[in-house]
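Alright, structures below, take your time with them.
Presented sequentially are two complexes of subunit A, the first with subunit B as partner and the second with subunit C.
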Partner chain A sequence: MESVAWDTDVSRILAELESLRDTKSVIEQRILALEAQLREINLRNEVSNCDSCSPTSVLDSNSPNGLSRDAIYRYSRQLLLPSFGVEGQANLLKSSILVVGAGGLGSPALLYLAASGVGRLGIVDHDLVELSNMHRQVIHTESYIGQPKVKSAAAACLKINSTVQIVEHKEALRASNALQILNQYDIIIDATDNAPSRYMISDSCVVLGKPLVSGAALGLEGQLTVYNYKGGPCYRCLFPTPPPTTACQRCADSGVLGVVPGVIGCLQALEAIKIASAVGESLSGRMLLFDALSARIRIVKIRGRSLQCEVCGENSTFTQQHFREFDYEKFTQTPLTVPPLKLNLLPVESRISSNQYSEIISKKEPHVLVDVRPSHHFKIVSLPKSLSIPLSTLEARLPEISSAIRKEEDDVEVASGSSVQLYVVCRRGNDSQLAVQYLQKMGFASAKDIIGGLESWSKDVDPNFATY
Partner chain B sequence: MMQLTLEFGGGLELLCESKKIHNVNVEPQNGSDKLIMKDLLAWVRTNLIKERPEMFMKGDTVRPGVLVLVNDCDWELSGQLNTSLEDKDVVVFISTLHGG
Partner chain C sequence: MEGHAKKQDESLVKLKVLFFARARDITGLSEFPLEISLGSTTNDCLKKLLIKFPGLEEIRECIALALNEEYATDSSIVKDRDELAIIPPISGG
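And then the complex of A and B:
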């Protein structure tokens, strides 16, 4: 009875949340529309009456240096820099920068680009804000969970600087739309998280002749460079052949300390600002390697543009048409938008669902549950009475499984004709299949895995069980 | 004997017991007094790589996606596999990252 009341409570709250979110979204749409109208009116007034500067105007053709009174005050600390000054700021205000990816790298990059006064700032992302993003994707706030990242990022940028023109591209970047989107901007920032996007963005920058500020971060390390700029290499000059898919780890699997992409994203904004304002010396031809754990930053010299490069080389025949038809997913053997890997290695009789396992527990059927996730995953959350044997140590620890089965036989009265069962679980149900394959080969013929792993346990059996 | 500092990064350190910096002494090969990168790669594979060697090498060179830096300089600029090494050189092997 209690659980029924609890369920009703939850569904009532969920329904109200949904309706509130709908109302909120309608109000936000209205605010955006009104703001646009206001900008339009201000802009018209400005044209008809140049004496009264609207608060949103930045560039002022009447002022000797082209900056409006408000812009001079807003950017005064940058104008005071002799090596940046009015010229640098004016160049920046006339420039347009596109940030592909509003995630860990894109978040700080966008915040600083908006704050510093880039004229037009584009954001590309197809994803929604999730709770597990918040630790590193600092542009998003909790109230935007479930909403498009582009929308959340645009709102945050406008809150800092309402005079910047923000363009939302709420879609995934693909070979079919990349040229059309990138072509609207002077400088491109690659803040994506996968290999096919990196090749695709670099190739389109070569085809369109745009400088590319490329950053990457994983775990406790980051990398940064500028491609296709002032005789420097493109991504393909450096990496003509894509790496094996096993070498392409994702933050969702390997983890990342939030501040690490933060550091790299800030540096990406810096490089883009330098190029846009035409100051300083860019990282083109050099690469910055950041090791957070040992507090080391190393800047190394990399090769220049390769004459043999298939895309930017002397004899390259790579055109916009080639680009549109190039299959980046096939080339890197990685999907552009990364769905979690779903292996299917075992016959159905060697697998059980999380609901079936839940019944096994409630019927107190004698069994041993082996959890093959790495031990630092096991420490985050685990099922009661599961035995932690990481997949990488399975071979050496088979005797522990045998003795756990014997102990279960001794402890529980096993009904005649049945025996102690062996089940294997992992995070999503991939490694558990590899483990079962191995266990069956090593004589544990009845070993079975739990389909979908702990994620399905949380989804289908116990919603209070933590996911990560 | 040649004293070298070898560094692994971008995840390659996982192949050598998660140790990033290795100070090693390497004997030039075949009685020659010269050590080139090709020899060093073979030496690293035998002496430092403890698991999944295919994540470090492909054929006689590094696998795609690995940058090699000799004294903070891309080995493409110094002759790749034929780069000559000298005492106290620093060689960095770094796997390119894609995350963000």
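And then the complex of A and C:
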């Protein structure tokens, strides 16, 4: 009886939480809309030289240096820097910067750009906030899980600095909309996570004549460069041929230590601020390589603009029209928005669903389950009694599979007519197919894989089974 | 015996190859000592590395090279104790 009461309590609380969250989201949206309206009105008032200066206005035409009283106090520590000063701050306040991607790189970049007083800050992202983002995408908070990243990022920026104009572009950047979006800004920050976006953003910066601050991070390494600035090279000058798809790794597959994109994202904000305020020496023509594990930062000179570059070179005929028609996904053989790769290598009879495997367990059918994920994945979570043999070691470890099958034959009294079955599982059901193809070739004729891997186990059989 | 070894040394240059990003994954190394004959180019170094690490073929067409942190082309001549960085682009973020 007690447990029933407890269950009702929990579901009542959950229901109320959900309804409160809905209300909160409606209120927040209304606040953002009203704030935007207010900024619009203030901007118009400023233009018409209205005497009644609003508290949110930053640039004050009556003040000798153009900065309002509030702005002077807010940015005082930057104004006190002789090499930055009033001039640098005023330049920054008049500038507009677009950050493409509100993820691991974009999060710190946006926070610092908003805090330091960029005039207008644009954010492009089509994605929603997820729990697995939180360790590195520090601009988002748990309460925004499931909501658009642009919305979450815009709200966080405004909380730090309500005087910055934030523009939300809740869409994926594509060849069809990139020029129109990028053209509204002075400086572009590439904080995306895939090869086609990197080529697309670089090309549109060349076509529009905009400087590009490009950062990337994966695992424990980061890279940073400024492209297409003051006669410097573009991304294609450096990498005219896109990397093969196998070399294109994503954080979702290879992992990344949260602070690594954090470091690169901060440096991207710094380079963008330097360009916007016209101070210092930019990283154009050089590349910063960050190696977190060995605590090393190297800065290497990279090639200058290539006369042969297909996009920015001497004889380039790459126009806005070419750009719009260019197929970046085909060029890099990688989709712009990344749906998980789904191989289909095996005939239906060589595959079982996770539900079927669940029945096999409950019926205690004799079998061996081989998990072909890398061993560090196996350590995160695994199915009971599964045998860890990473795909890369499968060839050498076939005898282990044979002996596991023999052991199962001895342990369980195998009914006549049936035999010990061999099943293979991985994270998403791609590597398991490759493994089954190989195992069948090597004489394990009855090997089958579990469709959709552990992800489908968690989705269709056991919701408490951890995903990553 | 010692004299013989020394003679060989003079016709060889020793450099330190630095692997980054995907090159590091493929080779399993962040550094590799490479011996190559005097007068060799960075391209010769790459050819020799490809024999030692055939997996590098995957990124052969998509790397930036830096010799002692300066820009290098395929035909730059390497010297003794040079540092050759193999830099494939990272796409993640």
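Simple rule for what comes next: the second predicted complex is superposed on the first by the 430 of 468 C-alpha atoms of A that agree within 3 Å, B and C clash if a C-alpha of one lies under 4 Å from a C-alpha of the other, contacts with A are read in each partner's own complex, and residues count from 1 in each chain.
The criterion applied here is as follows: contacts are C-beta pairs under 8 Å (C-beta built on N, C-alpha and C of every residue); 3 or more make two chains touch, one makes a residue touch a chain.
From a predicted model like this one, the values you see are computed outputs, not experimental measurements.
Putting subunit B and subunit C on the same copy of subunit A, do they fit or clash?
Overlaying the two complexes on subunit A (C-alpha atoms) leaves subunit C and subunit B clashing.
Mind working out whether A:Ile302 is in touch with subunit B, subunit C, both or neither, as first, second, both or neither?
So A:Ile302 meets both subunit B and subunit C here.
Which of the two partners, first being subunit B and second being subunit C, lies in contact with A:Gly262: first, second, both, or neither?
After superposition on chain A, A:Gly262 lies in contact with neither partner.
Which partner chains sit in contact with A:Pro108 here, subunit B, subunit C, both or neither? Use first/second/both/neither.
It touches nothing on subunit B or subunit C.
Is A:Pro148 touching the first partner subunit B, the second partner subunit C, both, or neither of them?
In the superposition, A:Pro148 contacts neither subunit B nor subunit C.
Residue overlap on subunit A between the subunit B contact set and the subunit C contact set?
101, 103-106, 191-195, 198, 215-219, 221-223, 238-239, 241-244, 246-251, 254, 256, 261, 287, 289, 291, 294, 298-303
Could you please specify the touching residues of subunit A with respect to subunit C in the complex?
101, 103-106, 191-195, 198, 215-219, 221-223, 238-239, 241-244, 246-251, 254, 256, 261, 287, 289, 291, 294, 298-304
Can you list the subunit C residues touching subunit A in their complex?
20-22, 24, 30, 58-59, 61-62, 64, 66, 69-71, 73, 85, 87-93
In the complex of these two chains, what residues of subunit A are touching subunit B?
101, 103-106, 191-195, 198, 215-219, 221-223, 238-244, 246-251, 254, 256, 261, 264, 287, 289, 291, 294, 298-303
Note which residues of subunit B are touching subunit A in the complex, please.
So the residues of subunit B touching subunit A come out as 9-11, 20, 54-55, 63-67, 69, 72-74, 76-77, 92, 94-100.
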